[in-house]
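My questions will all concern the structure given below.
Chain lettering (A, B, C and D) follows the sequence in which the chains are written, and residue indices restart at 1 in each chain.
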Amino acid sequence: MYWNGPEDGARLLLPGYLGSALLAALMVALMLLCLIRARRGLSLPKLRRLPAVQVLEEMVGRATEMGRPVHMTPGTDDPRNPQVLASFPILRQLTLAAARYDTPLLHTSADQIVYALSDATIQQSYIEAGRPALYDPENVRFLSDNAFAYAAAVMGIFRRERPAANVMFGNFAAEALLLIEAGAEVGAMQLAATSNVFQLPFFVAGCDHTLIGEEMYVAAASVSGDPVLTSTVVAQDWMRLVVAVLVLAGAVLRTLAGPADPLRRWLQR
Amino acid sequence: MSGWPAVWTGALLTLAVLSYLYQDNPAWRITEHLYVGLAAGYGLGYTWQNYLRPVLENQVPAPGGWIWLLPLVLGALLYTRYIPGWDWLARFPLGIWIGYGAGYVLAYLPRVVIGQVTGSMVDLASLTNIALLVCLLGGFATFVFTLPDRPGALRTAGRVGRYAILIALGVAFGGAVLYRFTLLYGQVHFLVHDWLGFGR
Amino acid sequence: MRKDLPVWLGSLAGGFVVATRWFAWASATGLDRTVDRLIVASYAVAAAVGFIGLTRVHLRAIDARRPLWGYSIVLLVAMYGYAGLLFFQPASAPVPDWIFQNVMGPVFATMYGLIAFFITSAAYRAFRIRNAESAVLLVAAAVALLGNSALGTRIWPGWDGLVAWIMAVPVTGGFRAIQVGAALGALATAVRVLLGLERSHLGSAQL
Amino acid sequence: MTLIARLQHLDRRWLYLGVLVVTVVGSIWPPRIVPRPSPATRAAYDLAQAVPPGGGVFIYIEYGLGSSEELDPMLAAVLGHLASRGARIMLAARSPESSQIAERVMTSVARRFPAYENGYGQTWVNLGYRPAPDVALRAATSGIGAAYNQVDYAGNTLRGMSIVDDLPVLDRRHFDLAYAFDSGDGFAPMIYYVGTPMRVPVAVGAISMEVPVLQPYLAAGQLAAVIGGARGAAEYEALAGQPEQANVLVGASALAAVYVLVVMALGNAVAHLGGGRR
């Protein structure tokens, strides 16, 4: 590798990772700090309400009134995608709500491991809700790991089983619009959350409620009010401030010092 | 292409999928189930032919190849979820995969952020660059979560950012429309030219 | 132990990834390469989980004579038939390749093509001007549509320049804000996983 | 007023019928529009032009069959240009289908160049797909043969192929350019693993809807060039002076743009004339 020159032998970090390591270290430190405060019961700032997540309960209630199921999908990527990871706490909340209302929850997935993880989450959440008998393995379905075969199967399921609520929470690719329109056609109330900026335009245009980007990672904290989760959101906001200040300082330095400004070059070391 | 059986198969399947737009019908349902089945069969078969078989034939028997048995066993533990009483073993591969994935995010994502940050350190002597920074910082302001009563300046910045985001989403939608039509155009072209023999 | 050990092994695996990607001494061991390949192998072994799930659901549908159970037979025959074929032949052999090119190919392409229909009905429903925000969305979409189709420059020679400016300023700024925010959220999620705070996916009651 | 009332309850299938009509018309009589090369496409062309004869180019195909219509002509144009420059081309894929796409497009391009038609293993190689393809991609930055288990797309051994012997590692020393042909998920791993750490210039052949999303990376220098959609492909064809597959698409998509604009206007007219029903 090109960096295995003799002068690199004494380096602690590989070239190019200084900024990353500092950023990540700062993030971890801030999260731990906020976490300790939360554990000690110190006051945490209140989170802004995300109207989109507050409707989860309403969606399940509506499905119950109509006597139709609720559908949730974590999208079409594997669990190494953080968006998919962010779907599990929401799946848990949704399952708890479905258990309270005694309304069937359909879960479809397009990755074998996500399927296994979702199945475990749903089963455990029904146990947690005290309604283990409501867990039906046939309502947790792996459909296909081919995104379009997955979409075809969902389109078929929507027409036949007509869910009244559709939660799309995770990473979606080109199949997003097929799911959105299949849901719109059967009159489902739709909530979408993704950081995939390619699909966001369709979700914003076609769904009743949309969580954009970072909002999806905050949703679990916002809906559960859990102090541990809330504390990590506080850390996110501090990091945003750090990033904003860095950008501003960098731009000023760049304007004064020209292209060779030190801050940028140091961050890229 | 490869003769009339191929063209007719393709054409009939194309029409069957398009028939979904009119209403649910047996042709669509057969195609849907056929497609899902083939895709699943393909996924498993391909993984066997192009991955597992070479590993079992080439890597495992090689010197030091025993190490390949570790991941094979780890992956196989996932199947304990079908064995009552042993299903907790399935958590081991799941836990390791999730952790490994989270490690990847932590290892690589900060660099992308740094790239975006250093890329935003623009020369403020240009009006375009100032406008870019306003849009960016305004966009940041829309995502602030911990100040429920946002002070006035932050709220104004957030509004600017919100418009920037809306423009970005609108432009992305407009860009997507033509792309989607291009794809349909290919299939219609196939029907009109290759199947019906029109034109050219 | 049954609950915590998988979580801590996961944290260990994640820590290993970070260490070998950042630190020169850890990277020099070359272990990252080996472990990456081993992890890929473990993923490959899991490839039949979904297969089993599909088999269970559709066998039961056939067994119980659920409505539309006949289609489950189509699915199972296609699935086992194709997998069986590929067990003995590579995907590039004539028969599997014919099926791929002439059965899966057209369905796949037409499924994508359906999006053109849906994007039109979405445009009909969603781009109605109700307030300043929806007006902005509509105008931006129209400008991009004309720009991409090369029609814009026919209307006004400066169109490409306008699109380029929009791309460089509000689009770059807006998307960058989304992407940086999403990255922060993703980082926080990854750290929560590695600290063992986020484990609802492992079926633990504790969040 | 009855027309408005009827339009308010417009069956979406009428809109679908319009889509079908527009695409059939565009398929039989596509209007001809030759776009002027944009700076972004020119940058991509210049990058390929700067690859010396024998220089390594790594091409990561992410897109599937569904994007073939838009990206195949672009991939063919870029591969043809690279082959005319005598570059050594290494293809890898992010899914089983994309490995077949890589094979199909590259073999059809190779037919025009004797050195490529008979030069598999020397002038080009198709590494194919591996499970967890992004991990394989990253592993290639420390050794291509090991990352791909020493076998190519068709299962032939990579050992002894001169292209893999001469270009063993995906880094700046061996590769002058890396391309992702992408429908959304392929460019990021290229930036993460190849562009930023290995400093290989990364270009993206993108579907048109992806172009706005790529702007921040282009502005930040993490991407060296972007070819956008059918229009970008037609521009590249014009620059490289090659047959014009993409050009027909540009004309057809102009019809589609007009139709969708009319639909958007109709949706607004109905909403406002009909008394602002939401």
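By definition in this document, a contact is a pair of C-beta atoms (placed from the backbone, for glycine too) under 8 Å apart; a residue touches a chain by one contact, two chains touch by 3 or more.
What you are looking at is a predicted structure, and each value in this text was computed from that prediction instead of being measured.
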Checklist outcome for this item: If chain centres are mean C-alpha positions, then the most distant from subunit A is chain D
Checklist entry - Count the touching C-beta pairs: is A-B or A-D ahead? => result A-B
Next on the checklist: As a quick test, compute the distance in whole Å between the mean CA positions of subunit C and subunit D.
Outcome noted: 18
Checklist entry - How many Å are there between the centre of subunit A and the centre of subunit D, using C-alpha atoms for each centre? => result 28
Item to check | Of all residues in subunit D, the ones touching two or more other chains | outcome: 12, 16, 19, 23, 66-69, 96, 130-131, 142, 149, 155, 196-197, 208-213, 216, 219, 229, 253, 256-257, 260
Checklist entry - Which residues of subunit B are in contact with two or more other chains? => result 17-18, 20-21, 29, 31-33, 35-36, 38-40, 42-43, 46-47, 49-51, 55, 78, 91, 94, 97-98, 100-102, 104-108, 110-113, 116-120, 133, 136, 140, 143, 165, 168-173, 175-178, 180-181, 183-184, 186-188
Checklist outcome for this item: Within subunit C, the set of residues that touch 2 or more other chains is 18, 21-22, 39-40, 43-44, 46-50, 54, 68, 90-91, 100, 104-105, 107-109, 111-112, 114-117, 119, 121, 123, 125, 127, 137-138, 141-142, 144-145, 148-149, 167-168, 171-172, 175-176, 178-181, 184, 186-187, 189-191, 193, 201-203
Item to check | Residue ranges of subunit B touching subunit A (in the complex, touch as defined) | outcome: 17, 20, 24, 28-29, 31-33, 35-36, 38-40, 42-43, 78, 81, 90-91, 94, 97-98, 100-102, 104-107, 110-111, 113-114, 117-118, 120-125, 129, 133, 136-137, 140, 143-148, 150, 165, 168-170, 172-173, 176, 180
Checklist entry - Quick one: in the complex, what on subunit C touches subunit B? => result 2-3, 5-7, 9-18, 21-22, 34, 38-52, 54, 68, 71-72, 74-87, 89-91, 96, 98-117, 119, 123, 133, 136-145, 147-149, 165-181, 183-184, 186-187, 189-191, 193-194, 201-203
Checklist entry - Can you list the residues on subunit A that touch subunit B in the complex? => result 16-17, 19-21, 23-24, 27, 45-49, 78-82, 85, 113, 116-117, 119-120, 143-146, 148-150, 152-153, 155-156, 159-160, 177, 197-198, 200-202, 204-205, 212-215, 218, 222, 233-234, 236-237, 240, 243-244, 246-248, 250-255, 261, 263-264, 267-268
Checklist outcome for this item: In the complex, the residues of subunit D that touch subunit A are 12, 66-67, 142, 169, 171-173, 183-185, 196-199, 209-210, 213
Item to check | Of all residues in subunit B, those that touch subunit C in their complex | outcome: 1-2, 5-6, 9-11, 13-14, 17-18, 20-21, 29-52, 55, 67-68, 70-72, 74-76, 78-79, 82, 88, 91-110, 112-113, 116-117, 119-120, 128, 131-136, 138-140, 142-143, 161-178, 180-181, 183-184, 186-188, 190
